[in-house]
Amino acid sequence: MTSFETTAELQRLIACTAKLAAGGLTPATSSNFSIRADAQSCLITVSGRDKGRLVPEDFIRVDNQGMALDSGRTASAETLLHTQIYRERPEAGAVLHTHSLAQTLLSMRHAQDGLIEIKGYELLKAFNGIKTHDTAIRIPIVANSQDMTALCAAIAPAFAGQAFWGYLIAGHGLYTWGRDVEEAHRHLDAFEFLLTAEMTKLGFRA
Amino acid sequence: MTSFETTAELQRLIACTAKLAAGGLTPATSSNFSIRADAQSCLITVSGRDKGRLVPEDFIRVDNQGMALDSGRTASAETLLHTQIYRERPEAGAVLHTHSLAQTLLSMRHAQDGLIEIKGYELLKAFNGIKTHDTAIRIPIVANSQDMTALCAAIAPAFAGQAFWGYLIAGHGLYTWGRDVEEAHRHLDAFEFLLTAEMTKLGFRA
Amino acid sequence: MTSFETTAELQRLIACTAKLAAGGLTPATSSNFSIRADAQSCLITVSGRDKGRLVPEDFIRVDNQGMALDSGRTASAETLLHTQIYRERPEAGAVLHTHSLAQTLLSMRHAQDGLIEIKGYELLKAFNGIKTHDTAIRIPIVANSQDMTALCAAIAPAFAGQAFWGYLIAGHGLYTWGRDVEEAHRHLDAFEFLLTAEMTKLGFRA
Amino acid sequence: MTSFETTAELQRLIACTAKLAAGGLTPATSSNFSIRADAQSCLITVSGRDKGRLVPEDFIRVDNQGMALDSGRTASAETLLHTQIYRERPEAGAVLHTHSLAQTLLSMRHAQDGLIEIKGYELLKAFNGIKTHDTAIRIPIVANSQDMTALCAAIAPAFAGQAFWGYLIAGHGLYTWGRDVEEAHRHLDAFEFLLTAEMTKLGFRA
């Protein structure tokens, strides 16, 4: 992307994160967000900001190995999970990571299975490449860890398999991506709806 | 309607859809909306837009068989379900199709019954023609399909029967209509409230 | 109240109803609202308006027997329930009637008991005259009817008993009041919180 | 803090309370809020105001024993619970007290246990001093009382023990604090998320 396009896409990301914050997906200044800037780098949120009112200065440029290219500021601890996605998925243009109730609770409940299968919903068509409700997706789940290298290793096998647009970290939240902010946001909306539907059907009791 | 009246009604539809989007009824750019323009045509949303910020240019004119009358743009895949309603119900002036959680889950749960019966609520009086809570409505449910002609055929028998103001597609959502946007919106509000009430009573477990 | 005071109080009522509408308490243009204008009359909403955007012209003046004092407009069908409160409770300055999910479902569930008892919550202190959480309130419930005279007769005995600030109509909604709009709104907030809490504890299944 | 810093922090508190009110955490004009002004005093909300639209004049200055330093106005009845925190926790710069549904219901449910233990959630890291999800917090619960001296005595032992950032009063609500408004708000967000998650897992039935 040109610098001008990156600026416009960053504005779209900021508008998107404000919406997610208003919807309760980023409790307690959690969550982090990024867009690909060019083949070698991305722009990612710094830690600890209120995600409801980000400004361009709340983003830092890091290379595809997660090293900060801007001096004097610290990227989110989870930067390595973003850069893994940009390396593994050349088509990914934006990565959204959030902490909703449904993401947290269902990922804990199904942690031992290593995945949640969701099927039969019309809204599955919101995912890039899906053309019918008469299908199923399997959302990978990895155990939570404070060691980002370990988390990257845990999710690595999924990237070698069939197409997918997001995964869960148990008791923690969702990573999802898309070709641009608009598609990543649509994927996040779809995951959130489907997980909430499954949670509602359970009349949840862990 | 005159062209001037159509423009005003389209503005009311856009205001209505923004409200529905804010209320979570149009997740992941799903849902679609239309108004009758004249005896032969209606205006309907094009696919894939964020329903929270539609503009008049996001609507396309189609005839009552669903053929686009504007060149170069594609109407929503579900256009045929809208035009069926305009053909079968001469009084219909607006059609709203949404994808809420309650619409999705209850329609899946009762799909085999082919209907949901709802009775005894004061809010039933929100439907045109109902004057007392001491009555029941039966909301038809059809199985989901990606074949719009098949969906039209499945719901066709209902149009031959007694008055009704909406139907469900299982795991997908609700179609409702009214004489104008205001009435269609009131019907949608009522369906959503009643389905949510029924879902709450179930302490939902599918 | 002077005409000036009435105008100011009506503005507070309009602001209050916009808040209630935004909170989902007035689905499908349901609900109605009034303030006492003087010893002989009150101002009450006309039927069928969107309660999220009322203007002063959406109110009509009626006397304490419910007869319209403004020509050419029709007061809400439920006017008699408002004027009964103004006659029976000289201290009442505002009456709010809403249709929330919790009001609808809990009133249906406990209709045969004729009341719901709620006890032990700190929020009970929001009601005028209650100074401790260590108490209980009994909210009367009457069966729904489209005959307003019958509804008035059904709730009449409650007005002869101990102090209370609201009652439920089964499957329909809540009537509450206060010395002014501010207090009536605080009472409504408290009823809504307490009924929602009770509904949540039930993991509702009717 | 200088007078200038106090004014700026008070503005942050007012913005925070507006957000909490919009989120339903302060039903029926309940809840109260304060910031430390200097080593000897704090600024705390007066009683009965709508917490969605506080102004600086809605705060009163009290000393660390809870005595009003401004003439002619009455501090919240629960002032003593705030000043206890400022005395016991020198690092506390802001105290938030709210009345959410989850706070109310879970504190009633676990009142006899005297605490709720919450463990394994990523969001635990929102609390000052916690660096991993692989831990647990114990939130103290005291029985409700209208005697503030008794409430202070009931919670006093907790202040002698290990670090904690909040406690519950059964059927009433949460007290939480932080080094400043921003941190107190982050702690409140985290408590609310975690309590809501636990309540959801229960499919609540008291």
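Note that the chains take the letters A, B, C and D in the order they are written out, and that residue 1 is the start of every chain.
Assume a contact is a pair of C-beta atoms (placed from the backbone, for glycine too) under 8 Å apart; a residue touches a chain by one contact, two chains touch by 3 or more.
Note that the coordinates shown come from a computational prediction; the quantities given were computed from them, not determined experimentally.
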| item | value |
| --- | --- |
| Chains contacting each of subunit C and subunit D, listed by label | none |
| Most distant chain from subunit C, judged by the mean position of its C-alpha atoms | A |
| Same or different residue numbers at the subunit B/subunit C copy interface, by half rule | different |
| When subunit A is superposed on subunit D by its C-alpha atoms, the rotation angle in degrees, nearest 5 | 90 |
| Chain centre separation (subunit B, subunit C; CA means) in Å | 32 |
| Intercentroid distance (Cα basis), subunit D paired with subunit B, Å | 45 |
| For subunit A, residues contacting two or more additional chains | 202-203 |
| Contact graph of the chains (line, ring, star, complete, other) | ring |
| In contact (per the touch rule at the top): chain pairs | A-B, A-D, B-C, C-D |
| Interfacial residue positions of subunit D with respect to subunit C in the complex | 27-30, 99, 101, 104-105, 108, 144, 146, 169, 171-173, 199, 202-206 |
| Complex contacts: residues of subunit D adjacent to subunit A | 120-123, 126, 131-134, 186-187, 189-190, 192-193, 196-197, 200-203 |
